[in-house]
Each structure stands twice: as structure tokens, then as C-alpha cells.
Amino acid sequence: MLRVAIAGASGYTGFELIRLLSTHPRVVLSTVTSRTSEGQRLDEVYPAFRGHCHLTFHGTDPDRLAEDAELVFTALPHRAAMGLVPELLQRGLKVVDLSADFRFRDAALYEMWYQEHTAPHLLSEAVYGLPELYRDAIRTARLVGNPGCYPTSIILAVAPLLAQDLIVPETILADSKSAVSGAGRGLSLTTHFCEVNDGLKAYKIGGEHRHTPEIEQELSRLAGRPLNVTFTPHLVPMSRGILSTVYAELKAGTPPESVDAAFASFYRNARFVRLCGSKALPSTLQVRGSNYCDLGWKVDIRTGRVIVVSAIDNLTRGASGQAVCNMNLMAGFEEDEGLREAPWQP
Amino acid sequence: MLRVAIAGASGYTGFELIRLLSTHPRVVLSTVTSRTSEGQRLDEVYPAFRGHCHLTFHGTDPDRLAEDAELVFTALPHRAAMGLVPELLQRGLKVVDLSADFRFRDAALYEMWYQEHTAPHLLSEAVYGLPELYRDAIRTARLVGNPGCYPTSIILAVAPLLAQDLIVPETILADSKSAVSGAGRGLSLTTHFCEVNDGLKAYKIGGEHRHTPEIEQELSRLAGRPLNVTFTPHLVPMSRGILSTVYAELKAGTPPESVDAAFASFYRNARFVRLCGSKALPSTLQVRGSNYCDLGWKVDIRTGRVIVVSAIDNLTRGASGQAVCNMNLMAGFEEDEGLREAPWQP
Amino acid sequence: MLRVAIAGASGYTGFELIRLLSTHPRVVLSTVTSRTSEGQRLDEVYPAFRGHCHLTFHGTDPDRLAEDAELVFTALPHRAAMGLVPELLQRGLKVVDLSADFRFRDAALYEMWYQEHTAPHLLSEAVYGLPELYRDAIRTARLVGNPGCYPTSIILAVAPLLAQDLIVPETILADSKSAVSGAGRGLSLTTHFCEVNDGLKAYKIGGEHRHTPEIEQELSRLAGRPLNVTFTPHLVPMSRGILSTVYAELKAGTPPESVDAAFASFYRNARFVRLCGSKALPSTLQVRGSNYCDLGWKVDIRTGRVIVVSAIDNLTRGASGQAVCNMNLMAGFEEDEGLREAPWQP
Amino acid sequence: MLRVAIAGASGYTGFELIRLLSTHPRVVLSTVTSRTSEGQRLDEVYPAFRGHCHLTFHGTDPDRLAEDAELVFTALPHRAAMGLVPELLQRGLKVVDLSADFRFRDAALYEMWYQEHTAPHLLSEAVYGLPELYRDAIRTARLVGNPGCYPTSIILAVAPLLAQDLIVPETILADSKSAVSGAGRGLSLTTHFCEVNDGLKAYKIGGEHRHTPEIEQELSRLAGRPLNVTFTPHLVPMSRGILSTVYAELKAGTPPESVDAAFASFYRNARFVRLCGSKALPSTLQVRGSNYCDLGWKVDIRTGRVIVVSAIDNLTRGASGQAVCNMNLMAGFEEDEGLREAPWQP
């Protein structure tokens, strides 16, 4: 059994990690830490865990983590993560970091959108934790930068089209709609029930959202040249799920069937990608609680564009489920170990 | 007092018409008809109206309508509408038709997306009922084709940019998100509570939705040449509202300020359009129950695109409120008569 | 035109007052005050009001209120209200107070559940603002204590049965379910979207909720002797509405028809009470946005109990709509002036 | 591995059974049947199961079921269930029936509320499948009548109080609030999204709901004498969950502590009952997706009543999870085998 710990476990991604790890057949969750909930029992903070998980939140001490665990999930805010991660690596631990701190290859890009990077020497070895793109590198990594929720949904939607050179990269445009849990458990008028319920809005449009450079880093790599994308996030009155609708111009002369073929080929071994094609478009409901990314698409002959719809659970595939999948790869387990439960319906 | 009637009043747009007309200060709602609810009291079908409106549903008889009313709202399914409307006009009535039957100038276009048109001779005189574009023509019209909900939200979002020639028309792309009431009151698994709640999906993507030609007709006219748009509708777990996020490439050399100026100038006299600019993006919640269309926008310098966000209530501005506004213009009333209530919050 | 002001207008009841007063035909809303939003434009705090209401929040100054208004709605937290109200009365203003501070006849009772009362001399003249019970007294009042949301829904449900002596008063039991807006606009984990959505809970059960003594005061008066009630509040994932299900034992030998007769007689002149009887039980949806209280009931022959279901909108009939109704009575207007809009559906 | 089948698997309880059984470690789900979906692939009806479960719906043939399975879950409508169950028993199968057909000991009682019973000879051997009351009998049963959702939540709330003789049985009153999935997947205006969203109502009040005799059967047995209860169901805008608030008069002289002791003692070995006491009242959210029943309570000294709040997931503990638990007992597995996943949060 692999002993694991979670640093910063009192938010929604922390809860989702605990949920998945507490029934994972090859793992023992030995420690959970939290600054805000230190000293409290886990089941006081989340009564759902009563009788199910008996841990108490500790403060975040690297020595203690090294004693209790072989692999640590850091679910801390960015900046805090890059303070702790080097300490953990130094003590011989493996790390899956859920913040943005180790998602970028280029410290300058990180610093343009976030802040000064305090551990830039680790960026070259950190692996971007999207298994469909980096499965082999993840297997041997010490440090995985777990992808953002929006980037996961968008990169998986267009990777096959860029890989097969079917679209004009500069025309990529992603319109994403997220559930409210993506905004976390911190209090804000934006996530106050009556300000969200029965309403819908866009936010941080026009290149303001910090997931933009992360999306661009991976799509540029796939395209083989630097590119900018238009990315528009929206807030939807539901608890879980992201639906991204991604648009791009097909290269002249591309037959629609080649789009189908590109998806089938790119994802032929992808355990967690389900191809819905044009007939049965995906819904966030059908992936809720699971690590699946469901993809549907259609070529609009009239405008020469391809439209790809991608559905994930933002807390599972968009954060903690993907982190567990990365741990599975790093530990030599089956990729879907502990992630085989069916989606939640209804 | 203007005597008005509603033909086909038992669905959600019918209810919304009754709601607005029953307190309109210059109107008497004399008759409501319904095939499915004939003989039932209105407040049996909609208990909300108990003690508030005392009508009973009749069958739809043109002679009776001509006796009871001077203007009729036809809220029938398309095809049924074009059967009735000529009968009403012949009897000297004015008509605001909420179906798709009189929105198109070109019968061939209608027939390509819908079915054979049985009253094509009326298309040349029918006015497309979007007051911001056709206010003067509506004032003198006998027959107004009330716009679709999606087209209203999309056309208002890009009209100023096309009118000022700031964007490349062929790059227009509309990603729209609709509340469930847009699907009507008819039963379907698609609108069953547990199939909608906490979920999100796209439908009829890639040029399949029948609102596409309506959007293209009006945008082509504004652009001065035929164009196709990519239009993607989505279904969101809320009762009312449409948010459309519309994208287009700015023409080379267009300064971002000219976008602001275009909106300000185009809508300087628009009673029901509220310009939110880039700072305070609109939300469907802030227009709920009202006839407002709220518009926000941003130029994405990195990609050269302008992004416009448009929020309406699909039942009010997207259907019945706009129909009442059209009636006001046809009857010589103030444009906002009976439409001055504040939006519903929270 | 009556000039009115709102002190403490930045919460949900404040918004609802503004919504109703801004289109009230016999009123000018001249001033809104707020401690937290002082200096901000109303439409910055509530974008829904853009182009609709042009006021700016001031601080709460009694002299200024006396200059600008003849009647003031105090929508302040309890304790703050009883600080301001005497100042306003002294300046010749009439007051409708939406806090708990002037709902009790007995200062000792207030002090047992709240805190020291700083203006107990006003309690004898303050009228409990439930028009169905105190219409005449409200007409001549200087100061009205506007009822709480739960008490409104519960008292209206059982008043006819107590008035006609049909039930055993000691057996009254009220199980109430409230929308989230009842908890206000202040931030709390309790009203965080993801903690409320798709969930349901009870709170402050067993005689802990402060609306208990208010309910008991009025029911005791109707019963002619002091009584205690069991009152259980619940939180439901919706924005507006309270449904109270109230139970009591019928006195031996009471025929079920006498229950129908009691309701019909007690509410024969009640503009805002709609009797649904046993066939069509009320729903909060059918009163949303209106001042109606819808009542349904059934005698359970098997257990000898009567069950009354009462539906109101907690912000309208449970707070601001009722306050406007009280103002109408105090000013000699029609009771339903400004309150004639139909409920919001769907 | 135990081979199991589900007859009537296309509704929500069927889906929930498939979800739980498809990852159950000691079970093979070999067959699913459905009249309405015969011939369709399971993942066409429920896209959530794509790549997860590869069955196709068959028609319901007892011989085939006997070939494919050792135990059958019958999730058919009542009446259909009692047609099939004798056929299955005759072929040597064990049965967990989720309909009402085998919940009653007395055919006459069933017939009073439902219809003629066509297999009354099986009622004496059928065991009521509430493990906390009948664990031992379930272990050796051939046929288990799986309890209704409301009865599960209510019986568990009061059983300890009746068992310890702490309350007056005739005063029991249950006010229950159910999620919409309780109404099933069949289409109806009652479960149409816009008729449910943001609304709340009671239905079948005053002894009309068919779960009433089932509740009374079990509570009478615990009380040692026949009794009637008042039971009021409500419909809440959420997908999963039942919260029941149950009231009863304490017998004179009962100290409040004895209530705590009764719960602790009665449920000391109950794997799936979690006692929350008076401090942290249960919420349906904290049991969602799990087989837990969470119980909180309070004695209201002022009125002499005890109030018990009970939270379950209506599809899991209220139907399919409890059915799996019963299967575990019948097969000699651990009671919580396949039911150890944590509740779904948020």
C-alpha cells in the first residue's frame, strides 16, 4: 500500500481527493493538513465523512509529511505550493501539485500571469499532468503539475486536430462554462446562492483569465508554433462540471471524415476519453463524479469550422481525479485504479 | 383602451403575454384561446393567476377574435400561425406573430429550414419586430414577425459592429446559452427535472438550429452581403434567460475605442438596451422578467477579436415582452408602456 | 405623491422595496440609505436597476430623512432599528419597521429572545403589520412593526381555525421551509452555492428560532390564552418562497366542512389571501414575486388532525410587499396599490 | 461471484442499481431487462455508462433470468412485480423486490391502498428489507420486500423511541421532503423543469399517500398496538434526497437524556446509521450517493415534543442501496460490501 498525504485538504479539491483516496484499493491516506482547519476533525469540517474517515487536520510540516507519506498531493493556493514542494522533493517524496506553480515550462510566462517564481529550477523536470499527452513522462516523474480544469477540457478537445494538422491554429476559440465549485469554498458574493441561482454570466473575458497561458502553452506545443487563443469562461448555476465548446477553422480541403479519424486515432488507448461523435453530444451530467472527458464534434460545412464539445467534472477530471490518475501512473498502478466508479446519475 | 387577444395562450410565452397584458395600462385583454386547454379557466391551467385574471380558454375562431379584439398576438406553433394570420388580417385586425412564419423576407429561405409557406404573399409586408432595427416600419405595420429568442440576443450584440463596418462579417460566431423555458411547456425527457438539473449540454450544433437562417438574414442585411454564421445553442439549468457570447475578428487597424463608440452611437435612443461596457459584464439574472437587453464587450488585443456578451430574458425580451413592445409601437403608445417593472432579483 | 425613503436598503428586502416602490403609482422614492454601500450608486450595487432608478446610497441621517420623506421604511438589523425609529417619529415621520424591534407588545418577551429594548415606550402604540388581523389599526398607526416571514406564513394558516375555536391550540405544530434569500445577502458558508444546491436541511429546531415568540404572541391572542407552538424551519435550494405546513388537532366533533367555512369567512375580504382548499394545494412558485398568501388544507379523518399548507414569497409577502401594503393602508391608498403585478412564472 | 440480474432496469432506481452493482466486488451483473428499452444498449439509454457497462436491455423472461442469475432485483411497477416474483422463486432464484408488492404482511391492507394481490401466499415469508429492524430474517430470506423511500426515512427516525416506549405513539407526525427523482423518469408536468425549479409544494396530504400504511405497519409493530400517523410529503427542487422531520409527544416524565440513550443503544451496531445528535443536524447533501441514514434530534422542553430529523438519499438508502445491502445479507457478504464509497460533495 502506498502511503499518501494531502497538504491543503480543506477545500473542494481536497474533499474530492479524500473521497477518492479513502476507497482507493492500493493507497493509505495517512495525513491531511490545513492551515484554516488545523486541529479540527475532518468529519467536523465535512460531516459527509462521519464514520468514514477518521483523520484530523494537522498543520503543514514537511518533516511530518515525509514521515507519514511517500507521495504528497499539494492542494494549496499557488505561491504557497512552490514554497512547500521543494521541501518535499528534498525529503525524497513524490509530489502531485494541484496549483498552477508547476504547470509552466517557462518561468517568465508564469511570472507574466502570476508572480515571481521561487522554485524555477524545478520547472524543467516538472511534468504537465495530462495523461493523454504525457503518460510516459508522468510514469517516471518526481513532480507533476496537475492541469487546470479549463485547460484540461480545452486541450483534450483540440489536441487531435492540431496533432493531425487539420485546423488553422490561430482560429482556435474556446467558450467554456463552469460549475460554481470551480470558484472554491471561499466566501464571495459571486458564489452566494441567490446571486448564482437561475442566472448565468461571463467573466474575465478577452484574455484575462490565468488559464489562458496554460492553454496556449500546450496548444502551441501541439501546433509546433506559438499561438494565442480566445478563451471565455462563464459561470453556470450548478455544482459540478465544465462544458467547453471549442471552435476552429478547418484547413482548406479537409474532409469531415478526417476529423472523426483524428479523434479515433489520437484517443485509441485513452481509458478516460469517451468519443461521442456527432450524434450524441456530451453533457456534464453524464460525467459527473467521474474522471471521464466526453467529446462530441461536428463540422459546420456552411462556415468551414469544426466545433468540439468537451464535458468533464471540474473537481474530478479537472482536478482531483486527474491527480489520482497521475499518482497511479507514478506508482506503477493501473491508470484507472480507484477511479472505476460510474458517473453520478441523476 | 386597446382590445387585444392571444391565440395559443397556454404555453410559457402565452403566460408571459398574459402577465404583461393583464396590468398594461392601455390595454384590455379580452380573449385567450388554446386548442389543448379549450374550456378550462385560465387560473386552472396557471394557478398563479387566481383572483388576478378571470378568462377562460376558447377555441381559436377568427370571427370571434375579430369581434373581441383589434390586435391579436398569435403564439401558435409555426405552420398553425400562417394558417390563422391571413384570416385575421382579412378581418381588419393587426397581428404580432410569435412564430417563425413571418420572420423571413424570402419564402424560399423559410421553406429550406421549415416547410412549405402557405401565405408567402404576406412576407413582403411583414416587418421583423426588432425595434432597435425597424422601429419606424413597426409603427405602421399590420403584421409583425416577432423575432426568435436566440436571434434577438445575437443580432443586438453585433448590429453596431456591422453597421460601423468594424468587423469581418464572415468571422461571426455565436455561442448561446438558454434557460429551459425556451424549450416550452411540452413534456420531453430533455426538460425533465432530473435530466437538466446540475447539468449542461450543447444541442443542434454546426448549423442545425432553425434560428440560424433568421440570424443570418438580419446580419447579412447589416453587412450588406450574404454571410453565414456559426451558431451553437446550449441548455442551462435555469428557468429564464439567454446569454449569448458573440465573437468576431476586428478589421485590421480598428482601435478598441471605436467599438465603444459604435455601441454608444447605435443604441443612443434605445430604451431597452443597456450598455455595460467592459467593466461590469451582464448577467441573465439582472434582466430577468424585464425587456432589457444588457450588452458588455471587450477587445482581445492578443487575438484581434471582439467579444460581445448579451443577456436577455428569453420569455420577455426574447418573446412576449418584445411582442408587447411591438404592439406599443403599432398602437402609437410609448415604447415602454406596460414594460416598466424592474427586473426580478434575486 | 407620497415621498418615502428606505433606511438600510442594500440587502434583499431593501432591493425588493425599491423594486416595488420605484413603480408604485402614488409614491416617490426619494432616498435610500446604507451603511455598507454609502456613496455608491444603487445601480452599481444592483446592476438590475441600471437605467431604472438613479439614486445613490446615503448614510442614515434622521434630519435628512425627515426632509426627504413623509414615511420611512426601516430595513435595518434589529437593535439598529430601535435606535433610529424614535428619531424618525419625533420628526413627525411615519415608520414601517421591517426588523423585529416593534413586533412585540411585551418588552420582556422581546428581551428574552433578543436583547435589551431601548425604546419600550413605543411598543404599546406600534401595530403588528399583518393586515388580515389589524387592518383598521394599521390605517391610523404612526409605527408599524412589519411581521417576520415565517410568522406571516404560519399565522395566516391557523388564524381562522383559532378564531372559530375549531382546534386544540396546544397541538399546533408548524413545519416551515424557506428559500435561501431569507438568510440575507451577508456571506456565510450556509448560503454558499455549493453548500445549498441540491441539498436540504433543518436548523434551529426545538424552539430555538427567534420567530417562535412572534408566532406565539399572535396565536395566543387568537386563542385567548397563552400557548407554545413547535416551529421547525428548513432551508430549501431556491431563491424565493416559504411553504409552511401547519398541523393541529381538531376539537372533538368538528365536522370537516366547518374548516372550509372558517377559511371562507375569515378571509372573505382579504385581497391578498387566495383559498385553494383541498383540491389544488399551493406552491411557492405560484405566488413568487407577489403579495399573495395561498392556503390549502385537508382534514385527516384517520388522525383527527387538520393540515394547512401556506405559500408566500418570503421577500414580498414575507417582508417588503407586506410593508408596502401597510404603507398603502397608513396613507389611505387602496390596499393593493403598486402590488397588482401577477406572480412570476415560470 | 454472485450472478445477479435486474428486471425493470431503465428507471432511476434501475440506474442506481446498475451503478452500485457494476463495481460491486463480489457480484457479476449479468442481465438487465426493460419493457420500454428492450433491444437498446444500456449506454444508449444512459450515456453515463459508455465504456463502463456493456449490457443490452432484454425483455423480461423468467427462464432467461434463471439461467443468468442466482438473485434478481425486481424494479418493476407494483402489480407487475407480483406477476413476476412467483415465477422467479419457483425457479430457485432469490429476489429483492423494490415495488410495494411484498412489503405488507396483510394482503387486505395492501388491497385497501393498492389493488388485488395476486400472490398473497408469499406475504408471510417475505421479509421487510429494513436491515436495522430485520437483519437476521433478511439473512435467510428468499424474498425481501425492499422498503419505500419515505418509510425508510421515517421508521428509522422513530424506531428507537417506540422501542424504548418514550413517546405517545398516537402523536407521531411525519413531515417529509423529497427530491424530484422520487417521482421517477416518466414524463409529467409535475416534474417538468420549469414547474419544479425554484418552487416547493406539498402533495397527497392528509393520509392520501400510499406510503402511509407501510409506515403504520412498522410503527404499529414497534408500538405493540395499531396506530395511525399523519404523513405529509413535499416536493423539493433537487435531484436526490429525502429529509423527514418527525414529531412526537414525549411520555410524561421522560428525561431528554433518555432520548439520546435510546438512539445510541438502538443503533449501536448499525453500519449505515449515523447519529448527529442535537448539535449538527443532518442535511441530505451529506448523505448524497451513499447508503447512510443520518439522524439528528432535539427535545423541545417548551412543548414536550421530540423532533427527529432524518436524511437519506432516496435512490440509494431509499431504494437501490438498501436493496444491495439486503442482497449482501442474503448472500452472506459483509453488509457494506460495494457500499463503501463516500457521499458526493459538493
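As written, the chains take the letters A, B, C and D, and residue 1 is the first residue of each chain.
Basically, a contact is a pair of C-beta atoms (placed from the backbone, for glycine too) under 8 Å apart; a residue touches a chain by one contact, two chains touch by 3 or more.
Being a predicted model, the structure only gives us computed values, none of them experimental.
Peer 1: Tell me which chain's centre, taken as the mean of its C-alpha atoms, is farthest from subunit A.
Peer 2: That would be chain C.
Peer 1: Sort out for me whether B-C or A-C is joined by the greater number of C-beta contact pairs.
Peer 2: B-C
Peer 1: Quick one: subunit C and subunit D, Cα centre-to-centre, how many Å?
Peer 2: Roughly 38 Å, centre to centre.
Peer 1: Subunit A to subunit C: how many Å between their CA centres?
Peer 2: The mean C-alpha positions of subunit A and subunit C differ by 46 Å.
Peer 1: Suppose each chain is reduced to the average of its Cα coordinates; what separation in Å results between subunit B and subunit C?
Peer 2: Measuring from centre to centre gives 37 Å for this pair.
Peer 1: Where in subunit B do residues touch at least two different other chains?
Peer 2: Answer for subunit B, listing residues that touch two or more other chains: 12, 181, 194, 197-198, 237-240, 282-283, 285-286, 288, 346.
Peer 1: Within the complex, which stretch of subunit B touches subunit C?
Peer 2: Residues 12, 15, 18-19, 22-23, 46-53, 181, 197-198, 239-240, 274, 276, 280, 282-283, 285-290, 292, 294, 340-346 of subunit B touch subunit C in their complex.
Peer 1: How about subunit A: which of its residues touch subunit C in the complex?
Peer 2: Within the complex, subunit A touches subunit C at residues 12, 180-181, 185, 187-189, 191-194, 196-198, 237-239.
Peer 1: Which of the residues in subunit A come into contact with subunit B in the complex?
Peer 2: 170, 173, 175, 177, 179, 194-195, 197-203, 205-207, 228-230, 232, 234, 236-241, 243, 245, 247, 278, 281-286, 288, 296, 298-303, 305, 307, 309, 311, 346
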